[in-house]
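Per-chain numbering from 1; labels A, B, C and D assigned in written order.
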Amino acid sequence: MDLRNKKISEEKFLKMREEVLASWPTGKGVDLKEAIEYLKKIPDHQNFAKKLKKAKNLDRVLIQPRAGVALEHQHIKLLKYLEKVGGADFLPSTIDSYTRQNRYEEAEVGIRESILSGKSMLNGFPVVNHGVESCRRVSEAINVPLQARHGTPDARLLTEIIHAAGWTSNEGGGISYNIPYAKSVPLETTIRNWQYCDRLVGYYEEHGVSLNREPFGPLTGTLVPPCISNTVAIIETLLAAEQGVKNSSVGYGQLGNIIQDVAAIRALREQTEYYLEAYGFEDVYVSTVFHQWMGGFPKDETEAFGLISMGATTAALAGATKMITKTTHESIGIPTMQANARGLKASKEVVMLLRGQRYATGIKVRKEIEQIKAEVDQILDKVVEVGSGDLAVGAVEAFKAGIIDIPFAPSQYNAGKILTARDVDGAVRILEFGNIPFDEEIKDFHYNKLEKRAKKENRKVDFNMTIDDVYSISDKKSMIDSENEWWKNENN
Amino acid sequence: MKTVVIGVIGADVHAVGNKILDYCLTNAGFKVVNIGVLSQQEDFINAAVETNADAILVSSLYGHGELDCRGFKDKCVESGLEGVLLYVGGNIVIGKQKWKAVQSRFKDMGFDRVYPPGTSPDDAIKALNKDLR
Amino acid sequence: MDLRNKKISEEKFLKMREEVLASWPTGKGVDLKEAIEYLKKIPDHQNFAKKLKKAKNLDRVLIQPRAGVALEHQHIKLLKYLEKVGGADFLPSTIDSYTRQNRYEEAEVGIRESILSGKSMLNGFPVVNHGVESCRRVSEAINVPLQARHGTPDARLLTEIIHAAGWTSNEGGGISYNIPYAKSVPLETTIRNWQYCDRLVGYYEEHGVSLNREPFGPLTGTLVPPCISNTVAIIETLLAAEQGVKNSSVGYGQLGNIIQDVAAIRALREQTEYYLEAYGFEDVYVSTVFHQWMGGFPKDETEAFGLISMGATTAALAGATKMITKTTHESIGIPTMQANARGLKASKEVVMLLRGQRYATGIKVRKEIEQIKAEVDQILDKVVEVGSGDLAVGAVEAFKAGIIDIPFAPSQYNAGKILTARDVDGAVRILEFGNIPFDEEIKDFHYNKLEKRAKKENRKVDFNMTIDDVYSISDKKSMIDSENEWWKNENN
Amino acid sequence: MKTVVIGVIGADVHAVGNKILDYCLTNAGFKVVNIGVLSQQEDFINAAVETNADAILVSSLYGHGELDCRGFKDKCVESGLEGVLLYVGGNIVIGKQKWKAVQSRFKDMGFDRVYPPGTSPDDAIKALNKDLR
């Protein structure tokens, strides 16, 4: 393969652009020179990269929802509401799933049907169909920085349009927007696509425009162990830095054990910074993103509030820079704007209450940080090895060999051999390693943790544990049943 | 042994429920033909024709279910699958809507059973066992 | 004064009982012998004391709401709902304020008006007016242990009735049900009254019935520093133990800084056990109670959910045995049963999620524990000193001298000189010590903490800080305004 | 300097708001006569008569406000205080009720101004300044 982790030359990049912009009519609306001027005029507090940097001195977690509907005026109404009523510090535009698969004709149908039916028939804002002018009206209607959030294997055109429209951040990456979001797109292709997206950001940076980039941390959102998601985030940050990205947010999805979650965010920040330096990038600003629980949500809205606020508490204790909030409609469908604002408000209440507070660096947190770091190091070493020193090649080869393996991912380029489950404290551990290259010490650590649970619950460590844990956050019925039994048992 | 085709329709990549349905249906004694995520109507129909399936279980989680399922029954009939059971489940519409209305919209589209969010695999199995007796 | 911390002799006690039972007609309904037989038949899982003991092995915080309405059948309906829908592990009967002041005639009016108007016109269940038989119907209608929660300076008759009715726990104490709940009742009187209540429990214990007692931890619920509330809880536990109480729950009201809250609960448990042993009581079982924020609540129900769930997270991390939950109606009025159940559900979700998890014993928590313990020791030493070795006398004298001083208390027997405010991390510190007998080191500690905040906010350490902090949890408008300013400031 | 009597009525011991009202009203230039918590109608009236007060601010937080405030205005009139302003505030009824209805019930009882939960001291001061001009 001719994939390489190497900055795309300006000449080659500008040539590639022509092709990309020609792939759908709205591509014509992008004028790079004019866009640079436009972006330079955006005030600091509406620039994602700059607001994130400044956040360090505020001492509380900033909050951002997910949100997107089919039509421009309704999308604007939604975002304004989330800013005013929800108190969002950053705003998103979640992109619809047709656009994510570059099916712009189907997105067009969705837009038409939405106009006809009077309600959004798309699960997001179809940014490519709307084009630069429309997207500028969106970002100009609000007072906080705006980011595209999607899950698009080939987001090149999308990226061109949103940045030209003054959206100062883009979520995604060659791995994180492929393996959880596609079935049969080769990793090589998506890494290349995202090198393009990052190169565009690099181009803007070279011309004095700061933009933020954020790999998608939680992946499938379902029992992904920290070592896997952190490894992916670090790789994508390094690949982005190579293309000239200067402001990176690395993300992580809450798992539920506070110690593990706090440790994962800390390890993520520290190792990302460490590896950036080791790779010679000394001017990349790193921030962290904590996603409230990304797996199946409880149906009951009150329970959902408990989960949301508990996630917010964890994010605050971890000292994450930003938090992506969930809503009490999560298990049902796209939230109403009211429900979305409520998720923000409950979260904001918590992070305001916890301003300035951090989890004390107890021995347990420190041990967990060391554990995660050791695991990430072992995986990353192997990635570089199978890539013969090239990180991009290594990533492709690592997935092929199952060295990186993401639970429940739909992609055929994912080995799908890893199995995970919770230990007695609710931390996510690995029960089936597939080809993840851990030494015996690490394997024993996971094994012992799960054995302890197996003993306590008088069962075996097997796939049934994994299945139970897919439901353990969303549905506590069985847990409550067994508690009720427990109270009646004389011998406890 | 009864054969069921399962998959996730449209541009939908939600894979977790699909993998779990596969496991549970297999455990319950069905022959499961899993065409996975990002499957088109044609993919379901081809798989059902090829394997002489007794039922098709369509999952849609991401909200475009209503757009993606239109005309599915007609295509089934065209392909000689009028006798094949048609279920749909997941988060089949956008947002929180009145379930009664949603259900009847999908029944009108020709689905035999229509399931709300968070349906447990056991419910699917019970219904299949009843309908395929 | 002839007050002494000394077990009331059985003879004297039985004589006192006659007088107490004669003070209102329903007193006749109490037959101690029959009550003992009745209580012995209550199954373990409905006995408060026994369920608390067993809870140690469950590894999660148990939850209990506040709740009480005027009429029996409505009160039963309410409790059943909170058990079934809310998932309460313990149930309360909150007693109305007329009963608390022994104004049984007014309570009678309230009952009549409630029947007439079809809604509860009392803020609780008037237990004395209803009498033993009615109260038994209440406890028999539910499947979890039942406790009276009130705020009654003279609860002797109330206590007789509830225990005879099979309610296996009683909240209160000579200090905690006086200073925050009365204006002009001498402390001597209430300590004596509560010696009686505790002696009754001691009598039951002597006859093979386990009952739980719980001093009211949060006092005025408003910026009470841990050293004060822990001191009061320990004194009341020691006084109760002297009368024969064997199962004590010591309580604490959340302040908002997680480290301080976790430390306070841990210090409370450890010091209560320590002092019990030092006083020669080796068979008293101690458990802890965490009250979700007891001061002014946010009006917005979603913000209230955030606060409630964040409190639940803290309780879990602290490893409290039991938690008293709040509701999203808190700032408005007595909650509907639905709102009450929602408070329980959000809380239960959190404690279920955090089963088995504890805050790692980091250095910060340990330091804060030592801090609180040192403060409590210094106060308690002085209490014993001014009591010439007698704790009951010491308590009275200590309040007289302001050695113990509770912020915002209505009682004229409270010095009311202490002032408190939050430090930069939101922990409650003391800015005006009045006569609290701290050495310079401790005073400097508080002083420095508050100075740091004063510097940060460019203001003075004074009563205005206290006032702002009375509102800082319930109303974040000014905090949000100053943040908005902050973002626009170039120099941060 | 205008004189206002403040206190918390009935068997109510909520002292925090009372202490803060005292502080803020004093700061705002009023002569504050604070009879504290657990005050009966007679206590308010005696204090107002003795100090020749311009206004009585009744607080009720604990829920029995409606029972405790009945007949208050009549007693004021009997004692020659018909000209004295009568405000009530706090959490004056039990539970969450429609504010309009609560307000008019208390106005009917003779209160000049009726305040909902969480009223800020500033609002009280503004109203007093206006009504006592």
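Assume a residue touches a chain if its C-beta (ideal position, glycine included) is under 8 Å from a C-beta of that chain, and two chains touch if they have at least 3 such contacts.
None of these values were measured; they are calculated from a predicted model.
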Discussion item. Using Cα averages as centroids, what's the distance between subunit B and subunit D in whole Å?
Written reply: 66
Discussion item. Need the CA-centroid distance for the pair subunit A / subunit B, whole Å please.
Written reply: 29
Worksheet item: Rounded to the nearest whole Å, what is the centre-to-centre distance of subunit B and subunit C, using the mean of the C-alpha atoms as each centre?
Response: 55
Fill in: Pairwise touch network: line, ring, star, complete, or other
line
Worksheet item: Hey, which chains are touching each other here?
Response: A-B, A-C, C-D
Worksheet item: What part of subunit A is in contact with subunit C in the complex they form?
Response: 45, 51, 54, 57-58, 87, 256-259, 298, 300, 302-303, 305-310, 312-314, 317, 342, 345-350, 352-357, 359-365, 424-426, 473, 476, 479-480, 483, 486-488, 492
Discussion item. Residue numbers of subunit A touching subunit B in their complex, please.
Written reply: 96-98, 100-101, 103, 106, 109-110, 113, 119-123, 151, 180-184, 220, 222, 295-296, 299, 329, 331-336, 339, 408-410, 463, 467, 470, 474-475
Discussion item. List the residues on subunit D that touch subunit C in their complex, please.
Written reply: 10-13, 15-16, 19-20, 23, 36-38, 62-64, 66-67, 91, 93-97, 117-118
